[in-house]
Amino acid sequence: MEPRSFPPDVFARLAPEIYFERFLEQGSRPTGRKFTEFRPLLVQQGRQSELAPSALGSAVVRAGQATVICGISGGLTDFENEGGVYANVEIHRGGRSGAPTAEEMVLTRRTHELILAAQIDPSNFKIDIPDSIEPCRKELVLNASIRVLSRTGPCLDLVWAALVAALNDTRIPLFAEDERTHNIIPTCERKPLVLPETLVSSVSTFGLLKSGEVLADPDGPTEEACISNYVNVAKTDNGLLTKFSLLCTDTTDGVDAEKIGEILSLAGRPVSTV
Amino acid sequence: MSSIEQAFVQSLLEDQKRVSGRRLNEARKLELAFGGSYGHVEVKMGRTRLVAQVSSQVAKPRDDRPFEGLFLITTDVSSMASPRFENGRQTVDELMVTRLIEKAIRRSNALDLESLCIVAGQSCWMVRADVHYLEYDGGFIDASCIAVIAALLHFRRPDTSIDGSRTIVHTLDERPPVPLSVLHVPICVSWSFFDNDIIVVDADEAEQDLRIGSMTITINKDRDICQFTKAGKIPLSSQQIIECCEQAHGRAREITDLIHEKLKQDFEKRNRGNMGFDLAENDR
Amino acid sequence: MLLPGDKIVAEQRLGPGIIAPPLEEPRVVLAGEDSWSDKVVFINTNTKRYTPANRDYVVGVISQRLADVYRVRLQEYSKPVRLSHLAFQGATKKNKPNLNAGDVVYGRITHCDKDTEVEMECVDSSSGKAMGFGQLKEGSIISVGLGYARKLLFDGHPVLDAIGAKHQYELAIGMNGRIWVKANDDKTTLAIRNWIKEAETKGAQAVNLVK
Amino acid sequence: MSSSDSENESDVEMILEKAGLVTPGEMITDDTIWMRGHGTYAADNVTYSAVAGTIERVNKLLSVRPLRGRYIPVIGDHVVGRITEVGNRRWKVDIGASQDAVLMLGSVNLPGGILRRKSDDDELQMREFLKEGDLLNAEIQTLYADGAAALHTRSLRYGKLRNGLFVQVPASLVLRLRTQVYRLEGGIEMILGINGYIWIRKATSTNANAAPMDVSINRLEQESNSMEIYKDENDPIPPSTRQTISRYANCIQALVYNEVGINEARLRAVYEASVVYTDAGELLDNTVKTDIVKQAMATL
Amino acid sequence: MPLHNSDGSAEWIAGHNGGDTRIICSVNGPIEVKTRDELPTMATLELVVRPVVGLPTIRETLLQDCTYGCLRSIVLRTQLPRSLIQIVVQVLDAGEPVEYTVYELVGAINSSVLALANAGIPLSGLVVAVCLAIVEGEIVLNPGVDQLKKSQSTHAVAYKVDNGPEEVRFRLVMCESTGLFTQNELLQVLETAEDAAREENKKMRSMIEQQVAESLAFA
Amino acid sequence: MSRFEIYSPEGLRADGRRWNELRHIKCGINTHSKSADGSAVVEMGASKVVCIVQGPQEPETRSRVREKATLSVSVTVAPFSTTERSKHVTNDRRLQEMSANLQNLFEEAVLTHLHPRTEIVCSLTVIAQDGGLLSCCINAMTLALIDAGLPMYEYVSACSVALFDQTPLLDPNNVEETELASVTVGIVGETDKISLLILERRLGLDRLPPALELGVEGCKVLRQVMDKEVRRHGAMRLASRAE
């Protein structure tokens, strides 16, 4: 039985671990990046490119092969302090629509927790009618529909980057009361959202190998097949953390404080808006 | 279930005996315990065990019924009760449990929906009762009904007040919570039929697998039959049916008294707790 | 008492409950009492779900009768085990035992490894005699913990002798936690059933329960 | 109360008495000499009827034949069936009974003569012979314990059917006759299955299962060892024969519509009566159906 | 062994002022698996978290995901190929406001580990989870409800415990921290968490030992 | 609808009937001879149900192969069946429950052991609802099963009884059923013993006995009507066959 040889991409699917080890030995990764190198994150806000004219705000984020688009639309709720930003993440599965998968639900919930942690000032969502007698009870609801157009690996970082960019891009309407029908209608003036500086500027994802090596921004089928330990860090502009979620199931000698320190220092990634 | 087990249970039944040692018309002893938060009750009948939790939130009433609140009962059985239940799908037996509880409690207006209305057409209370099944040993219909009605009686919702067009929901410390208006206490009693005209009350798991048909009567203390479901299998004369209703009425009286007694005990325990000072403990 | 993850150092053969992964020391994987004998060390537990092991005596219920094999279920919801039509005493191609779904059989696990379907037989393949294996008629079956069943089968239990003194009964103990009991009449079978079940939790003074 | 006028009440009773119609739960007899057949049940040795139908007393056996009901297989019946499933070494055949009949690989004529041994690759090529949807005529060989039938086609009269039209009628309307295969005028041949499945086809001598009258033995021998008997293609059928086939089909529907039992004589009579309508399609009208059946019955 | 029908079960109660979190967990397995969920080389692990109020939502899906991650590190699934291990975590009393999930997560992990051990499923160790919060700058173990509401951040930390009765080894398996906290606050939390985990491990160990002793009462 | 109009002191109901009068019953047998083994249409007053029976036939799914014939019943309600066009199909849980009840009831009446390993499929379609829906379904199913030639111990007849204070009203229509509590009684054969009893609204225990008695009588009358119809239909077919 003479040894069989396969073209690299077939070999990568057949035996991802061995294929991956070959790269690690030379200190590089299948995607060509160094261990601690992030994919460049390109953000394009809706305002310049008329991405989604009818949305209050929108943005597209690209990193490597992955693309995420986020559009924000408004709505009213008549219950008190229920105004705010509500996100829903969908992953494009080649047109097959169906019940949301576990990954979509987990991404939606994690994004929701990040929004709560960001503590966006609720006054943004109060509606004050210029000359009305009693304060208006309705509140503004911003529905962020986030769609991962092409998924090449864990994508919480891209989803959050798209949402932040879209929120920055959002212009919410001022409201007035229609004399005849007495309901609240949006006027054409717009005002930007007042976003707190604690709004997280970046979420970074790290993979942890069995040997303890830290890989920044795992991406691509091979890395996803081989890495089972992940760390997600949400860091604000001024260095505070709002989210740290770590899952290390099979590491030979565990994760100690020094390793976590190393990861935290790497966290935070440059975003270049196009 | 093996054929010899079926034969064993059947032959015991034929000379008026049961594996659990109970008489044919003897139901299992009911154990009732109220939990920490309002509307939380745990019911045990022999090896069958379940928990009911009632909760409330403000919601918008239905357009076609602006003066009524909303009342929802969920009775999904998970595989915790027994591996025979699947977490997703509902088998026919589970459907019958849901339908019978729906008829026994919701359709019989045990909870006065009009009392749940806050502002007609705008806001009302939505009360939901969730039943969680911990252990299955037959008798889910009877146990669920008792659990839901006891939880409704035990539940207290926050008080509300209207100022101008705004409704304020007070927290439990600001204002004492308000009980729900439960109009009557329906109690379900189920019979199981076996070959050779054997009728048994409150069957356990083995008996419920072996039975060929069942009958469930829901009745309250003041002799109102809330629902009656008997579909086929052993025909009963009117006389026998009335006898079963009387038996069910006896059981309903006994269980209603037990619930009220347990409610009184729980109420005393709660009030002695937050009286702020220690009552003179007169240990009679 | 040892718990999953604990280290164990032993020259003897590693019995159930202990695993020695390659290049690593042996690890305990179950929570139970470590019991040492000169040949083997194993963790004694009394859990409920049975995973088949070679040469275990088992009481099973036939769940499906196929052309040339029965499917036998050792516990409700467990994976069924294969029992060939010919694995009975004196069974030939022509006269096969006529068993149907729901019948109870007592037999022994013959072939059991992780990757194929488990096989059992109701005859001692070496001697060809039934040795008490085969169909169990009438009587009743109770479910007990696996540790308790093992003890009843190998070391016996005072409660069995106490019952034996007062009543005449037949017993088939399965390592899968199923015990078949049969006395002269159903009332006694029911009583014996309850005594054996009580003895699992009552320990020593279960004996005086027996009337 | 349902107001059925009273005067036709009496003649209804009169017909019932004569025909001996009983309905479920009705007591038939309480002396125990009678053996109980189909459609009856006993409760503390009183015999009751289980179906609505006519009582039949055949020496000691008492049974009730329902007015309508599925075909009950009897050994030796010549039936037409459709393959529903190809199993291991057997076919499942729908013959309109309560269960699909079974056609074993062993009880089928295979190319290469009647005596050929069944080999393994026969099992693999079963679909070469008969596949789902194929129509065949066969004879009921045996009955299983639960009433399901086992068929066989080990005679040249039986096999795959082609060159014709399938018509289904209630089994109770097909009268039990000496032979079920007729040659009708206009070059037509008909197989009247006892189970109500009827096959009308162009009559040609080359049919493997043609009526045996005019086919010599050695031709049969040479015929049956080629794959001929299982080919799926129809022979070319001229439009005139097609017209006759559909005319016969409509005649059968006419008899069914009038609930008249079908046999060879009645069929020929209805066909003659229908000739006056030039186009076979006109026979679909219900009044025409009643008219031609009345005329046909008058001539018998 | 609170539940009789399941192969293994456990109830976990975290008494902290302002109401306690009560979670009950049942394990059935290894049982027959449906062919479409069957894995050729290992057992299928099915985990469901059910809230006390209402039907499971995405809040419970995240709890399931984190708990599943922790259990994957200890359950020796390759020992039981082509079978199903079915875990149901039922919250009987959340003991925390609905916007927090930290106690339910810690309870889900601890109760399912106890239930797995009780069911006799082969494990390569235990997982111990603890719940901390930073309230007015100080780290608080097992915060009360009002402390939770005032807290700047909440942390659920889980350690894998193995290497046997004497020198027990603690390896960090999971950390879910939410809120606003600095880097060294996080590192301090992890330190406190490890000591808290040692205590919790002693408690869990004695609970398991006591339960095993009870089950071997017949000896 | 004030209570006065439902049952006047002189003992007349809204539609002019007395307390113990059934509505006009029209039964059609073998109405769908082409598409089914057995078919029947039953009209009780303005309630109309069509029942189609296929079987005994080869079971559709392997799971339904048992020593006895499997009876699978499904009930569908036409959206135009009630006066106000129901936007959503009435919740299928209620229909699933009704199908389960029908299946239990008829498993007792049909000799299923005579046709092992087969399946009998009954599909009921409710064309019009004017009260007494379940009893109408039961009667339609009985006739359809008889028409299919399936062996049955006895007829299964059913009728419903509403209760206006103490007086039971036989075979209530929609108005009476919405205002008053009504009970559905099902009998197998001519006994006084009740096989099916369904009550869905509150009713005093002491008011039940009169309702049961009237229900049993109603069922007996209905059995006669159905029996006569089966005989009349049988006679007509035999007559045409005899020529």
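Order of writing sets the labels: A, B, C, D, E and F. Residues in every chain begin at 1.
In the analysis below, a residue touches a chain if its C-beta (ideal position, glycine included) is under 8 Å from a C-beta of that chain, and two chains touch if they have at least 3 such contacts.
Quantities reported herein were computed from a predicted structural model and do not represent experimental measurements.
Asker: Just to be sure I understand: the centre of a chain is the mean of its C-alpha atoms, right? Then which chain's centre is nearest the mean of all of them?
Answerer: B
Asker: Count the C-beta contact pairs for B-C and for C-E, then tell me which is higher.
Answerer: Looking at contacts between chains, C-E has the larger number.
Asker: Centroid of chain B to centroid of chain D, CA atoms only: how many Å?
Answerer: 59
Asker: Measuring centre to centre with CA averages, how many angstrom lie between chain A and chain E?
Answerer: The computed centroid separation for chain A versus chain E comes out at 28 Å.
Asker: Please report how many Å separate the Cα centroid of chain A from that of chain B, as a whole number.
Answerer: 45
Asker: Once you find the CA centre of chain A and the CA centre of chain D, what distance in Å lies between them?
Answerer: Measuring from centre to centre gives 71 Å for this pair.
Asker: Where does chain E touch two or more other chains at once, residue-wise?
Answerer: Each of 28, 31 in chain E touches at least two other chains.
Asker: Find every residue in chain D that makes contact with two or more other chains and list them.
Answerer: Residues of chain D touching two or more partner chains: there are none.
Asker: Among all residues of chain F, which ones touch two or more of the remaining chains?
Answerer: none
Asker: Run through the chains and report each pair that touches.
Answerer: Between chains, contact exists in these pairs: A-B, A-E, B-C, B-E, B-F, C-E, D-F.
Asker: Touching chain B in the complex: which residues of chain C?
Answerer: So the residues of chain C in touch with chain B come to 61, 76-77, 100, 102-104, 136-141, 186-187, 189-190.
Asker: Using the touch definition from the top, list the residues of chain B that touch chain C in their complex.
Answerer: Going by the criterion above, the answer is residues 1-8, 11-12, 15, 17, 19, 83-84.
Asker: Of all residues in chain E, which touch chain C in the complex?
Answerer: Per the touch definition, chain E meets chain C at residues 7-8, 28-32, 74, 76, 79-83, 117-120, 122-126, 161-165, 205, 208-209, 212-213, 215-219.
Asker: Considering the complex alone, what residue numbers of chain E touch chain A?
Answerer: For chain E paired with chain A, touching residues are 58-59, 61-62, 64-66, 69-70, 72-73, 99, 160, 169-183, 186-187, 190-191.
Asker: Tell me, which parts of chain E touch chain B in their complex?
Answerer: So the residues of chain E in touch with chain B come to 2-6, 19-20, 22, 24, 26, 28, 31, 46, 48, 50, 52-55, 86, 88, 90, 92-93.
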